[in-house]
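In the two complexes below, chain A is the common chain; its partner is chain B in one and chain C in the other.
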Partner chain A sequence: MKRDTVIGSSLIRPDALAKVQGRAPYVADIKLEKRDCLIGRALFPPYAHAKILSINTSRAEALSGVEVVMTAKDLPGLNGYGAAALDKPVLADKIVRYQGDPVAFVAACDKKTADKAVALIEVKYEPLFPQTDPKENLKPETPLIHEDHPMSKGTNISSSWRVERGNVIAALSRSDIVLENDFETQIVDHAYLETDSCIAEPDPVTGILHLITQGHSAQLNCRSLAAAFGLPHSKVHVTIPIVGGSFGGKEDSNLEVSVMAGVLALKTGKSVFCEYTREESFRNTGKRHATHSHRKLGATKEGILTAVAADITVNKGAYRSIDPIPQRMTMYGGGVYRVPNALVEARSVFTNQVYGCACRGLGVPQAMFIIESQMDDLARRLNMDPVELRLKNILRDGDTMITGQAIKKSQGLGLEKCIQAVCERIGWDKPLEQSDDPSIRRGRGIATIMYGTGTGYPTDGAHCFLNLQMDGSLMVGIATAELGQGGIIAMTQIASEAMGIPYNMVSVNYSDNHSSPEAGATVASRSTVFHGNAIINGCNILKDRMLCCAGQILGEDPRDLDIREGIVYTRQNKERSIPLTEAIKFAFSSQVPLTTTGSWYPPLNHLDPIMGQDTRMHTYTYGAQAVEISVDIGTGIYTLDRCVSAFDVGKAINPMCVEGQIEGGVTQGIGYAMMEKFELRNAMAVTDTYHTYLIPTSMDLPKLETILVEEPNELGPFGAKGIGEPPVTAAAPAIRNALFDAIDIPFYSLPITPIDVLDAIKKKKSPVVNRQERAATKNLEK
Partner chain B sequence: MATVFFLPNTVEEACSILEEWGDDAIITNGGTDIVIDISKGNLIPHANVCIWNINELHQIKMDGDYVRVGGAATYKEMMNSSLTKEFPGLIEAVSQIGSPGIRQVATLAGNICTAAPAADGCTMAMGLDAQIVLKSATGERIVPLSHMMIGRGKTKRRGNELLTAILIPTSKKNCAYGRLARRRASDIAKVMVGASLEIEDGICTRAVVSLGALGPVPCRAYSIEQKLEGKPIRTGIEQLRGVFPEEAKPRISQFKRYKEQALPTLLVRTLELAAQRGGA
Partner chain C sequence: MARPVQFFLNDRLETVEVDENEILIDTIRERFRLCGTKEGCRTGDCGTCTVLLDGRAVRSCLILTCAVEGKHITTIEGLGNATNVHPIQQAFVDVGAVQCGFCIPGMVLTAKSLLDENHHPTEHEIRIALSGNLCRCTGYEKIIQAVQLASQRMYP
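And then the complex of A and B:
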């Protein structure tokens, strides 16, 4: 029998055609099918920090078409919800902590009426000073943002982490070179196409509240909200249709509309639809965290890294949301390098502004910008090629990260291959061609990254339900959310290969907490590996059972049998075979169950919380990106001419989807580098439309060149590693380094807009020269 | 309050509706400016007169010494017309507006009548010394575009008048347009310069220079025109290096410094391009 495999094949995603033709139903489309659905809207405060003195809803309630107006006193359960802590009030009671805290909800017959009613609610506030500076909020005399936070008691710190290894102070004092810099990264929005929306339907018979909404895990949505509804988890049914983009945001941001729809539905006993406008989505929902880092990097004069010391402050915003940012920024504090001595400390601090949540990369885009920028500063100081410097220091088989985790080749270690691949493709060894235009300076830059697969928590694991059918087809109940990444097709391909049946016989029932078990969320670049492995495990269980049955029919030892394309065959004699359906029928009549649970979890992470020493991720994805840019020194406008990325993905289950993930991620990284910035004035959003919040268009991109490197992860499904987030992390430092190369100006904050570039050029005392010109003058000096 | 909608098929029909409703009516052309105001609730018109069905207003044709761009001609129509294509600066300006979707429906007339500070089409048309034809049920008048805007969002158009055409002098084909924005598409530029030069034997006989996004509405840079006229064009441009036109008055914002830093460069570059097109 031919060993045809669907693994590594770019099968077309089932959602692709439906999306292109506009037939794929998003939440708002599903709403169109629902009759008698009320519309829920919220009143948000005109302040980022204020005491609520009084609320008068009588005029709103009197408006015809209004079903109900709710304030904090009318809630069915706990006035708190959230993914990590139930710290976000369903309705602000005494205080508003940021501009997105709702003060009242309205359900009405239509949006117009609901909006009119919202405008009729009268609230008296006592404005308070918006505490927006995390450094200030760390001071003991500064008032607490949360008087009584469920997790952070008596402090404005949301979470903190430190990684300590060796002796940093001694190592830095012995280092030939010590660089010391401050870095700032900005808040960015996910800019997902589908705004946050939810339909909540109370079931009068079962008492179940059904939420049709967005998310990264139906189970997580349920867990985050059930207490606010005053319902047991079993009575909160969450289904997540395909999602119109999320990038981490809807892991918890869309809980805002879900909780609103849910409490209004429980109050009215009717279906309620809530949807944010684009402006509300911009103003209220979570963002990528802004950070400030002070970092020292030590090295020998030969360019061997000796020590890193960093102090990082993360602007948390008003609520905890998803907050391993300090942990991630510290664990990756040494980058992709061997650094024997490290002390990296980080904390996230509550402020009165929009909260930071998961945003593709979870702290790593910030960390890599800092680390990779400083590497180029070091290369410049050493007068060494940035690639040569990197190759001297990268982690190799057996080396340890600053967390003490040993990096193993068996987990897939394609870092050097990625660097070589991008250098070869872009022609790193050849001089960069300069422009004839005297106002153009060209430059090249590189960045290298690593990114762990999974959350790294001891709870991290995945489970699924498998249900083999009499006709040899397979139903998979797996909590993968289809966020546009190609989750359904990847799960299908893995199940097809593991079960030995054609892929069109596999049906994936995704993201429904009532038909699939906990699998952890579709986050942390983990679904292909974690969910895929759980499916393989379940398929192996079912396969063993079916092989036993087939063995009885064929009179063969089951250990000699295998299944391909729905046929059970004998390995030694392929002619001796039966259809899988025969085995299934035999199993059915012999009371052998056709269903099972599949499970997978990585090796336990042994943690030393004091020193931050652990083995957090079972595998890492590696990558390198090289870019070429042209800078117009008259206007500061710069063009990305080329962008070459290589990522070691272990095994590309579906290469087209993997490339899609990489190109999308790289594009977001380019936006992070060149233009994206969510701005606030007095803690109130300024950039709350696509008119003011810029993301790159296709016109801003070069053809993205993508190279897949496959160094198998022994624990991954068919060798796979995660690829959702890694691609977003390298662009910012690569572009920054290319600018440094082109105009000899190092930047230390993001984004780097033409406005920043021109300003820096105007402030520069010496003429703007590029690398070749610098080299030429150096030779002359010699 | 309910809005009354009109979809006239002729200029006469449109003008008589405007005569009746006057300032209570709004005109919708491509709608890419005004519909935003309506949907945000900033504007609740009594009457909405949509003019995109008036075929004659889509025409682009010769009219004596002018190219006559109809009051409903879209950017797409301008980019496709052999007459407007003779003005490379004009094509540079309109082909960079918004995105293909916007250019499909949006019009130069709308760009002018909105009287916004950062209007590409309007800025370039001013740099071409365009004339505006305003028509009402009672007559027609021509206003130079350079005098059309009287303040942000305000023009000399009267409530009963329809902008039926933009007249572009054929003598202004040596023209160029420059804009600086933070991204390549769908972004309002922060600095805009339009210029047309008439050059005889290397001498600049007539210069028209306009600025956008540097004041409440696009404006002429007369001081620059004066410095150019009557001089060899190369010398004229050379003496402008580093010059910040006195007519440019960027308001206080996070982009003010950028405008100050970048305008002199863009001005010289745009003039150089126009001069090059003029064979100098």
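And then the complex of A and C:
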């Protein structure tokens, strides 16, 4: 029998056609069919930090068309919700901690009426000083942002982590070279095109509250919200239709509109739709954390890394949200390199501004910017080629990260291949062609990254339900969110291959907490591997059962049988076969169950919490990116001329989708490097539209060149590793390093806008020269 | 003040009573329940609400419904359907240009408006034409490929 495989083939995703035709319903589209749905709106405070003295809702309540006005005293359950801690108030009670804390909710017949009612609510505030500086908030005398936080008692620290290995002080004092720098990274918004929205529908018969919403995990939405509704998890039914982009944001930012819709629906007994405007989405929802890092890097004069010491402070904003940022920034503190001595410490600190949440990369974009920038500073100090320096130090089979985790080739280690691939494609060895225009300087830069697959928590694992049908088709119930990445097609391909049936016989029921079990969220670049492995596990169980049945029909040992294209056949004699449906019918009549649960857990992480030594991720995705830029030294405007990326994805289940993930991720990384910055004044958002918060357009980008490297992960489904987040992480340092090459100016904070470039050029004492000119001067000096 | 407006919506003559300040996106979505026209910003920045007005791509969140009296409006629903897929739509599907899909109806209509005027646009011309349509997922790479493929297929 032909060994056709759908693994590695760029099948068309099932959602594509509906999406290009505008027939694919997002939450707000589903609302259009629900005519009598009430509209919920919220009143937000004009301050980032204030006491609420009084609220008068009588004028709003009197407005015709208003169904209900709610304040903190009217809630059905706990006044708190959140993904990691129930610390975000449903409605602000006495205190406002950031400008996105709602003070009152209104449900009305339409949006106009609801907005009018919101404007009629009278609130007296006593403004307080917005505490926005994390360093200040660390001081013991500084007031607490949360008087009584469920997890952080008596401190403004949200979470902290440290990784210690060897003896840093001794190693740094023995190092030939020690670099010491401060780095700043900015807040960025996910800027997903579909704003946050939710429909809440109470079921008067069962008492179930149904949320049609966005998110990364229907189960996580349920767990984060149930207490606020005063309902058991079993009575919060969450379904997540296709999502118009998320990038980590809607993992919990969307809970803001969900909780509003939910409590209004419970109060009124009617369906309620809540949707943020673009401005509200910018102002209120979670962001990528801003960070400040102080980092020392030691090396020998031959360019061998000896030690890294770093101290990192993360601006948490007002609520905990998702906060492994200190943990991630420390575990990756040594980058993709062998560093025998390390002490990296980080903490995230509450402030009165928009909270930081998961944002494609979870601390790693920040970490890689710092590490990879400093590598180029070191290369410059050593007068060594940046690629040569990297190749001397990269992790190879058996080497350990600063967490003590040994890196294994068997889990896929394509780092060197990625570096070679981008160097070859961009022509790293050839001199970069300079422009004839005297005001243009050109430069080239590289960065290398690694990124673990999975959350790394000891609880990380996935389950799914499989339900084999009498006609040989398979229903897969897996809580994987379709955020645009192509989750449905990847799960379909994996199930098809594992079960041995054509892929169009597989149907994936995604994102419904009432019909699929806990699978962990579609986050941490984990779905393909974790959800995929759970599906394979379930398919293997069903397959074994069906092979036993087929064995009895065929009179063969089941171990000699296999299934392909819906046919059970004997390996030795392909002619001896029966359709899978025969085996299924036999199973059904012999009371062999046609359903099962599939599960997968990665190897247990053995953690030393004091030293931060562990084996957190079962595999890592590796990557390298090389860019070429042109800088106009008269204006500071610089353009990206080329951008070549290579990522080791283990195995690309659907290469077209994988390329799409890389191209989109790289673009977000380019935005992070060159333009994106969420700005606040007095802790109030300034950049709350797409004309103040800029993201890359088609004119800001060169052709994106993408290379897939496949070094199989022995624990991955068909060798796969995660690819959702890694592509975001390399662009910022690669571009920063290209600027250093082009104009001889190192930058230490993000973003690097043309204004920053021009300022730096103006401040520079010596003439602006690029690499070739520098080399020429050096030759002259000799 | 409500007033009647007549216009062609996907080639059908329609009459609606609208307030003078009603914007076209609301008319399309709320009154006609055509959900393919997406609202990403309502401030004219993102392009997800793009429709064709007498064949040219415009932002329906920036146009008063009163102003389209007598004009032809084409939404994504007017371009093709499940059995009759427009070649631009097919090209988007074939090259994998669709991720979350929220920007896609607007992109397809902008591409239509471009290709109607310029059958063989260069990559640079495509980039210029699409630059008012934001996409946060794809990096535009495959979207540009899709427009190139559509151009080859439609105007060989």
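Heads up, the rule we're going with is that the second predicted complex is superposed on the first by the 782 of 782 C-alpha atoms of A that agree within 3 Å, B and C clash if a C-alpha of one lies under 4 Å from a C-alpha of the other, contacts with A are read in each partner's own complex, and residues count from 1 in each chain.
Everything below uses one rule, namely that contacts are C-beta pairs under 8 Å (C-beta built on N, C-alpha and C of every residue); 3 or more make two chains touch, one makes a residue touch a chain.
If you're wondering where the values come from, they're calculated on a predicted model, not measured in any experiment.
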Which partner reaches more residues of chain A (counting touched residues only), chain B or chain C: C
Could you look at A:486 and tell me whether it touches chain B, chain C, both or neither (first, second, both, neither)? second
Touching A:758, do we find chain B (first), chain C (second), both, or neither? first
State whether A:472 touches chain B only (first), chain C only (second), both chains, or neither. neither
Between chain B (first) and chain C (second), which, if any, makes contact with A:675: first, second, both or neither? first
Mind working out whether A:637 is in touch with chain B, chain C, both or neither, as first, second, both or neither? first
Touch test for A:697: chain B only (first), chain C only (second), both, or neither? both
Of all the chain A residues, which ones make contact with chain B and with chain C? 691, 696-699
In the complex with chain B, residue positions of chain A that touch it: 439, 634-637, 674-675, 691, 694, 696-700, 753-755, 758-759, 762
Listed in rising order, the residues of chain C that touch chain A in the complex are 29-30, 33-43, 45-46, 48, 75-77, 79-82, 85, 89, 92-96, 98-105, 108, 123, 126-128, 130-144
Chain A-touching residues of chain B, taken from the complex the two chains share: 99, 180, 182-188, 190, 254-255, 257-258, 261-262, 265-266, 269
In the complex, chain A residues that touch chain C: 10, 12-13, 15-17, 19-26, 28-29, 32-33, 190-195, 242-247, 277-278, 483-486, 656-657, 659-660, 663-668, 689-691, 695-699, 701, 703-704, 706
